[in-house]
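I'd like to ask some things about the structure below.
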């Protein structure tokens, strides 16, 4: 089951659960996957930027990907393979594709500047991993400092048929979606899937601009599934009502650096992970921040019963 | 009336109103100032990053500052004087202080990296403008790429008595407020005013962390005044309710690049500016974006009557 | 006398001479200009990156440019007008062109990333200064962090007829000259003058690649004139011999930050400036560094009598 | 044999030799090591920035390091272990230390900005690799965009006893060496070895400032050995004469990006490597550039017989 340009829905970015002592918590991996299945996710992405991939030894990375793939054989699993060199990128790609991954995700190294450099990098990446491996183009300037214009994305899509999805997390990014979809309508660009990241901060309007869904890690992926579904069925105000109820918490989780700690804390509070532990280096959640998250949960619970989690 | 470390409340960042043909619209300046007075703002900041300062000729800048100062003699006016060199910074400072400004705001040039460089830059800036001119330290890494740790801010505050206010817009930034206030309590740092920027995206919790108010340009500064007041009087949930109602629109306005176009459009829709025009170079607001802003306004109007603006 | 694409030879970058107390030293300006005339320079550039332009008040900048223009009516004078906004850029351009400047030089702001942004910036700059003002495109990624591919330069040249010269200081940059000249030969790009900067660190081979000369501030511009002339008349090894004799000192002067202090010290030692003073902020030359410069001068004097300057 | 703060002399940065088809060329590794021994190198560094480390699969990296260590049991071998995460850094460190490496070299990730972040990163790195593994602090802002003040280096040295060497390649950097040595003399900083990189562009004066030698990859490491020796024995002018003769070529090889292609070409021409091939992605050496290198070699051969290499 390979990833195609027809992908849609919600591909949650799975965090890597650890025990407090730093070991990988495989039972929580299973629980997360089961949860993604149950809420109607249409795929999973692992070992992304916020999956703490760089903190994993090579063998651990492969084990985690393989475990997810086996646990949810009906869900396409995308594996983040970004690496400082093409040799380790190829190694990891070959192992996870052999294990049944649906495709890989590649972020640009933060040294790329010119359009030529960006297109050249993806050309070489495809050369390294093989043109038969579907890949997701990750466009996240806030984190990677690489700015891709719509024209650069079109050049990559044109030149590299194995590019099947855009993980859209430019900010601001609404006009970028409109530009790409306009080119598709005009026939000047091949269709690709556009799934939105950046914690879903603009998912409400991104769907209306033509996105196919979400590919992000917000601790309530069930909300993302609902918003994508409501948007698809034309229930616009209902989609916004639900989204707006989550926005105060979602914004809090979207903070760079500390965001993953918030996310893991929430997933633990929801019973989906045994511990909120992160491997070092990690930004800690202070007691004050934890109280703020609990306050946000309490306020959210007035609108969404899924946020009623008992005492924190 | 010079700015002191006891400043608090809301200092809206005033945009520069233009006519469609690019001329400065002085009548709208007056209307904005009158509005700030009426809603209970405690000061004004002009010629900031989003006041289109670099697009103004020197004489225009001075005229605008002078006009605001004269229109609201009871309000302290802070003038942005950031410049690529200390000679123009000194020139502008001397002119606006002579015209009655309460102080100036200085952003760091985006080439600063080390702690030494940052502290050294502000030392030289004070040398240039004079130690008797109160200044606001602008800490906005997202835009300026300069990262100031709490320790660096303390060094600046310790060494430079004319630093009386922090325009806090680090992101994430809640722990930074807590760290600075903790040092004040311990007596290891002199008290300074902390007013929050970044469009107020975290104003709700920033107030609870010890901020003294807001110093930002969101198109509903009356909401900022209310939240600061409710927070000060301990009406916590009421503050959050109002803030959360505005968050979907506020988030939309906070987008880099396009944000100022949204803000000017909203101020025009509120009748506070004749035109939403920006001087070139400027990001335009597409018809789709405008419709999204109207949609957000409509939804906000259900909670806040000030957003009921008639047909767009 | 307007600058054209046929410019060639050496346009020294003139420093701004100050007295020890920081006042502009007009007598030294005259002496520098007379010296440039005497050594066969074909033009002058003032108020560049290393002319301490940001440290000058507006009126000072205009006075300095005007003084140079009057002192050497037979030499085209290019004036640096880079500014954070188009309004001050236009103001300064209009004043210096009215005073008789041959053209202006524009560096890109260090926030530009994509090809679109770079081309768009120069389009707007021409819009601001007027399409009738010849301008020099400054390409200096080491200092400005903006990377222009040859294709981007061609787009600017194609679209903006008033772009007549490239100040080439990319590093490495030899292949860029070859690429541009190849396009000219093929007829796919209009001819422009290419004058090399970066303190002349690769001038020897840049001339062989097709550059038209030098546009840089090394304290021995007479050497630059000789190398350009020897290269033009085919005396290759003589050009390299002279260049190589200067390279140890030239490399020392090319250091970022401290380089201008070295340059001013050398110009003072050569009797061309009364003082080596810089306006603040300025990197000081330590006693050890000064001794190293004297040591380099002494060694150079064995090959080039112009470096025999008496006791330091 | 572990690396200590008493290290001195020349530690060439060994490139990784490949055959034209991309396989690792082990015979050339042996030849390089034998050459380093023969010219009096006092150590070797492998898998550095210019050893194409990111292009190697994990097993290849370990094999190369092990082969070098075995070939030259009398030379301390430093292994570059910089990695995007601490887990792979630890893995590689443990393997190469078990194989007999003398220590490791760690470059900072290019996202570090503040002093706190830099010190914190090295603290965590030592935590990951173990406090018993001597490490080299690589200070190369031109490539890594991380600026370490002398004060930050001192903090790292003070706090982390396993920091035994500075690979000094700041630019400009002479005053940094003086500052660190001054602190050592004053007793306010523990002594560490300072070996200079940046292709040796300032090695002549760096030795006079107090450096202990060179740790760089210039294709004539025998010249580096001579300059370090002549400098140590007080033969100042002889050191400069030899250095200056090499400077035109050395400068050419120091160009970012294309420099490694120049270096490999020269090592092939010297008979030390079978091929100049690089693994992709790689900047190619054009025919013109090759001719320039041959021209520089020919000119150098007039002063240094080691550059007489026969027809190119």
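Should a chain be cited, it is by its letter among A, B, C and D, assigned in written order, with residues numbered from 1 in that chain.
In this text, a residue touches a chain if its C-beta (ideal position, glycine included) is under 8 Å from a C-beta of that chain, and two chains touch if they have at least 3 such contacts.
Owing to the predicted nature of the structure, the values given are computational and were not obtained by experimental measurement.
Chains that touch both chain A and chain D: B, C.
In terms of the distance between Cα centroids, chain D is separated most widely from B. By number of C-beta pairs in contact, C-D leads when C-D and B-D are compared. With each centre defined as the average position of its C-alpha atoms, the distance from chain C to chain D rounds to 33 Å.
Each chain gets a centre from the mean of its Cα atoms; for chain B and chain C, those two points are 39 Å apart.
In terms of their C-alpha centroids, the spacing between chain B and chain D amounts to 48 Å.
For chain A, the set of residues touching two or more other chains is empty.
Contact topology of the protein chains: fully connected, every pair of chains touching. Residues 53-58, 60, 83-88, 91, 110-111, 120-121, 124, 127-128, 279-281 of chain B are the ones touching chain C in the complex. In the complex of the two chains, the chain A residues touching chain C come out as 113-117, 147-149, 151-152. Of all the residues in chain C, the ones that touch chain D in their complex are 171-172, 174-175, 178, 201-202, 204-205, 208-209, 237, 240, 243-244, 247-248, 251-252, 255-259, 286, 288-289, 292, 299.
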